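Okay, got some structures for you below.
The same chain A turns up in both complexes below, where it pairs with chain B and then with chain C.
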Partner chain A sequence: MDASHAAAPAPGGLVSAGAGARLRQAAEYIAIPLFALAVSAFLFSLFLLALGHSPSEFFSLLWRGGFGTAFSWRNTLQRAAPLVLTALAVAIPARIGLTIIGGEGAVVLGGLAAAAIAIPLAGMVPTIVLLGCMAILAATVGAGWIGLAGYLRHARNVNETISSLLLAYVAIAILNFTVEGPLRDPGSLNKPSTPPIGRENMLSPVPGLEVPWALVVGIAIAIALHLLMSRTAFGFAARVTGGNPRAARAQGLPVGRLIVLCTAIAGACAGLAGFFEVAGIHGNANAALAAGYGYTGILVAFLARHNPIAVVPVAILFGGIAAAGGLIQRRMGLPDATVLLLQATVFVVLLASETLYGRLRFFKAGARA
Partner chain B sequence: MSGAIGLATVGMTKIFGDFTALEDVSIDVRAGDFHALLGENGAGKSTLVKCMMGFQPPTRGQVLLDGKPVSIADPRAARDLGIGMVYQHFTLVPSFTAAENLVAARGHVPAVVDWAKERKSLDAFLETTPFRVPLDRPVRELAAGEKQKLEILKLLYLDQRFLILDEPTSVLTPGEADEILGLLRGMTDAGLVSVLMITHKFREVNAFARNLSVLRRGRLVGAGAVGKVTTAEMTQMMVGDAVPRPRAARVAHAPVADAKRALEVVALYASDDAGTPRVRELDLHVEPGEILGIAGVSGNGQSEFIEALTGQRPIDDGRVFVAGQAFSPTRGDFARFKVFGLPEEPLRNAAVPRMSVAENMALRSFDRAPIAGVFGWLKPATMRARARDLVARYRVKTTSIDAAIETLSGGNVQRAILARELSEAVDLLIVVNPCFGLDFSSAAEIRNQILEARNKGTAVLLVSEDLDEILELADRVAVMSQGHIAMTAPIGETDRNAIGRAMAGH
Partner chain C sequence: MSDMATLATVLFAMIGGAIRVSTPFLFVSLGECVTEKAGRINLGLEGTLVLGAMAAYMVAYETGDPWLGVLAAGCAGLILGTMHATLCSLPRVNDVAIGIALMSFGTGLAFFFGKPYIQPQAPRLPSVELGGWLGNPQLAEALTVNPLFFIGVALAFFLRWAFDNTRYGLLLRMAGDSVAASRAMGVSVDGVRLAATAAGGFLSGIGGAFLSLYYPGSWNEALSSGQGLMAVALVIFARWDPQRCFYAAMLFGAAGALGPALQSVGIVKGYYFFNAAPYILTLLIMIGAGRDGKAARAMPSELGVQR
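Up next is the complex of A and B:
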């Protein structure tokens, strides 16, 4: 720390406070990710050319499959919905300085818990009560799971990135054990699953809008969390802790409680994603819950620079990429993993682009040639 | 070791945007000179030496080495020419030992280091210097004073013949400072090195430097031989026409019957990060309206004591009472007992560098009315209005209250934090090295603020490595040595020698 401080030249000195200058600085946070996306598209085009495929065909199919038709939009939004929630599970802990990458575990356990509570309740209580119980339990289980990583960080100084990732594997193992053992529906032969919650209890899209409930709830939570982090004393304390834990302790802030709460909020978001997968898509819990939404959410959160609002459009973009995967596979004869490769390229380029912040003269308010 | 080299700048000018940081500065440091560079914060001293070290290209101007123009494109070029610098911030690798830091500094380290051989040559090298630094402990465990010694040792080890020192003694005790500067002066007298030292301390200039140059607002406003320029003249050149605020008078408080002690620490124990006990059975107390100055050589447990007191480090054993009641360093108790503080390195301990000035000024009050409303809902307008008021009242120089606090100069960060900590009623103020690295008038202003708080009845616990500061401010002095209080005395009943002896552990 000391060394880098001393070697760096004096910080850009003149910061004028004009609104235009502030706008320029804000533009940096949009322009650099867009630039990173463009670079990854270019690199991916090289990959396609090397395989003898046309990049223009790929990107036009990507557009058509993700956003070109009403059907593809529906598909895109359905995939985007859990991404909003799993990205929030990364973005919120990031504000307090933690890198949580195990959202997948909370998705899986949240989904499992929702399906499990539905077994005794389905048919006994009205749909709305059933869904409410499922959602609350899913969020609670998710909160406990990621909150555990936060607690270990605080109490035992265990690296939260590693522990949350390892906990995700434990969660997947618990899911597989449960659906193949104690909670297996005898009727599920090829694909071991819990008993279905019942077609009549499943969530349909929001009437009139034809978008999944998961997305509407996800956006509402994103807005609520944005306000929580930017406009409340809790969020302020979390940002102080994330920005300088030493100063936070010297201010007497309850650093441990803040860490556990932020990770629990994160886990609750991811757990809800699991609930929506069960109640909106699958109708039961099975291995399909571990579809990688938790991991793609990391990518979404980083591209959104951990801003809860920005998470929404980025999640829709990645939902579109995922939705177009099938079309690309069929039309171009490319393997299914191609889309994953595109995601990976975006992630690597994005991380590399982090070094650009603060270096481009254009965005420096007051800087003149 | 070959002889010293001389370095001169000719018409050095540096312009950032529309701000001229340095204008037509020509200084001449001859071979074997011990040259002091004086000036207030922002006078252009750092810019000048950065241009000489190749960190930034000058807009105009030249560097002459022994009279011949040289181009110094980057710090590596400066090093190859034999020009080395000790920075205000440490440039050591914290996880490396002193020995590893020295060997790594060479740049050309063999793939496999023969440590037995290196140790022998390092020991031989150390024999030639009076500095004693433990070679085998990680640098992060060393005290600030030891780190600074190691920084200077590093330059000597690299055989640099022109040394630029940026406030090298700010973390040292007067004894250590005299020792280091005396050694350097001896080496310049022997024609082994030349020294260009940025400093604020007139005492050191008068005692050790041979020549001096003074910068103000980017211009060279005076130069001459030490002894020919008086201290009053130096001050005049540095501060120009600005009149520093008059020093607050010390108010004598009438003794109050059954007044509760503002702070009482009983048999406190605390350990460093490695678990080594650093504070052992420490007892002290501070009365309301009194400044207790804690003197001591750095690394005698002062940092650990303050960190334990303010919640940055667990207390192993012992009790802390504030206003007669048990105190724990939580946000609730800080607010209830009105305990505030000005820790050392405020950007590291008391501020969030990337948050704005306004937000940093709200760190104490954001979760209370009037900034926080129902359910902790923040009122940014109130927060900003308060910050604007504090910025004006405490004369914090910032382009905007929305600028990140890390963009402010050191003195202004200190002022901003002090404004925050003194803006409400304060019963106990914990202050550590408040003027570290500040220029003359900022330091005077901050000391005045502390004294004013004391006059209003605040109890002040002042930990300082600058004995002059303690002698100036404290009502009572306590000396910390090896983790406990070795001596306490009212300031009128002791002197520099007695304190020095206690600091040395006698």
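Up next is the complex of A and C:
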């Protein structure tokens, strides 16, 4: 909107028009993803009908298994917690223009590092110190792993999307090697694992709320990162770099340091997700750490349009879809990949809906009725 | 066993392994090469590979004809490629992100429909024995080659020739190097890219058929682990030249064959690290190519991957 045009109306009218336009724009950011969700549900219903299954049964089971009972809510929140952290691992680099899809690697290595440091420390130090050491080490290892992809991007122009995913495969190989070799607990027969950190050292849900600590910490980190990206000079510089790296460089912004820091923050989030999986769920590190949270986090971040706050409700939605998977599998006889396919459908439709932004007349800021 | 004999065993196993393991790399990288020459990147070929593998196995099992399976895999890839191209031709839609989404879509479809086919054994593709006359059983084993390998090699050299010498090759390269020039010629850039991405999907699907119908030769959910993605890096390494894609695929195949080759002589320690060799090799290659002026010059100008 050019200045001469905006200066014409009375000051009061200008303010209300500005607020209205902003509201309409915000509505667009909510309405279009919701529309994409509806279209995905419709397409998936057609798919189920074609296979002779009932879509209404599917979606009612999805609701019941994800959000219908206190038990399913617990299950949902438990799955949502790592998704918040892995989605932040995608959303923060996205702000600086990088597409990181290897969060799974940081989850796996973070969990492995947490379990490894617990072996000498368990029983020697108080639980709170032990958990603190595990969390710090997990975040550091994760930060280094994804930070490496950021560094390679900056220093050697290596495509970060591919390198982060390759690093994830390497991380899974390191995990498998370690739990079957040097750190294997002789007691773990069928499922090679590291020695347990001890039941007394494991995290229980937040007292009174029955919400996992991982979710509480994840929400706190999401809020902190939102403030960092929207209210600080660092966040501003990162967003400028994401918008136009050449302009950022011309302005003298330390583009390389910003890129490495953003990817390291991302890795620290994903590494913490690994720590919480070990300290809150498994009690040791084993192949189950590579459960795909890193990959689902990509979808959550895209659906949240890389907004750290929006990541939380979207993560809970997808935690619920994942939690309902078992029920759908048992009741409808559908394969376990059904949930994966539903998620992928949402992902494709959502990205295609990007094309609608700015093209719908209702949301146009200056549109006259 | 003497050291020499051990070394020979490893070497023969690696030659044979390189030929076997390289074939899916070859097909996917040729597919990606065609797509990227037209100016679009398709990161979803990993999903295409997995869906192709499942489609090939399913059709081969149901009909008893593995070659029909190969055709089905190609068609599955063609459909995913067409989807990618259609979605990317919409304004404001990002081809890298669509690729990631279609990677999970292809994988999801394959796992959904592939569940009943994990147990049964489908007919495998036949192979050609080239080394029978050598009198060395190990070498003969190494030189038992699948016809798809020859098709892939021929295709690599043909594509190199076609890019340089045919009208379609020129149209393809023009769409990848300058949208303005294509428009001035009255050529539909989206149309060329649609054809290129669909053809690329077809080739990647065939790469998947090789995985499930020849080597390893069965369908399961862990069949492909990043080959489709590594092929994208391989194209950068090959500087968008199909002929160099072939050499690069052989190198990757040899790296992938390292783990099983060492296992065959009883070296199992560090097994997971040898299996990780192709990923590490890919990373090193990408790091090496990062400051390589030749690679930067050979890249199609319209390609968004290295902004």
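By our rule, the second predicted complex is superposed on the first by the 351 of 369 C-alpha atoms of A that agree within 3 Å, B and C clash if a C-alpha of one lies under 4 Å from a C-alpha of the other, contacts with A are read in each partner's own complex, and residues count from 1 in each chain.
Definition applied: a contact is a pair of C-beta atoms (placed from the backbone, for glycine too) under 8 Å apart; a residue touches a chain by one contact, two chains touch by 3 or more.
Remember, it's a predicted structure, so these values are computed and weren't measured experimentally.
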{"item": "Contacts of A:345 with chain B and chain C, given as first, second, both or neither", "value": "second"}
{"item": "Chain B versus chain C as contact partner of A:101, first or second or both or neither", "value": "second"}
{"item": "Chain B versus chain C as contact partner of A:157, first or second or both or neither", "value": "second"}
{"item": "Which superposed partner A:237 touches (first chain B, second chain C, both, neither)", "value": "first"}
{"item": "First, second, both or neither for A:204, with chain B first and chain C second", "value": "neither"}
{"item": "Touching partner for A:251 - first (chain B), second (chain C), both, neither", "value": "first"}
{"item": "Touching partner for A:177 - first (chain B), second (chain C), both, neither", "value": "second"}
{"item": "Shared chain A surface residues [contacts with chain B and with chain C]", "value": "none"}
{"item": "Chain A-touching residues of chain C, taken from the complex the two chains share", "value": "43, 83, 87, 90-94, 96-98, 100-102, 104-105, 107-109, 111-112, 115, 225-226, 229-230, 232-233, 236, 269-273, 275-276, 279-280, 282-283, 286-287, 290-291, 305-307"}
{"item": "List of chain A residues in touch with chain C within their complex", "value": "97, 99, 101, 152, 155-159, 161-163, 165-167, 169-170, 173-174, 176-177, 180-181, 245, 295, 298-299, 302, 335-338, 340-341, 343-345, 347-348, 350-352, 354-355, 357-358"}
{"item": "Touching residues on chain A, where the partner in the complex is chain B", "value": "1-3, 5-7, 9-17, 22, 231-234, 236-237, 239-240, 243-244, 246-247, 249-254, 366-368"}
{"item": "Interfacial residue positions of chain B with respect to chain A in the complex", "value": "16-19, 46-47, 50, 55-56, 75, 87-94, 310-312, 329-334, 341, 343, 348-355, 359, 362-364, 366-367, 372, 375-378, 380, 399-400, 402-403, 406-407"}
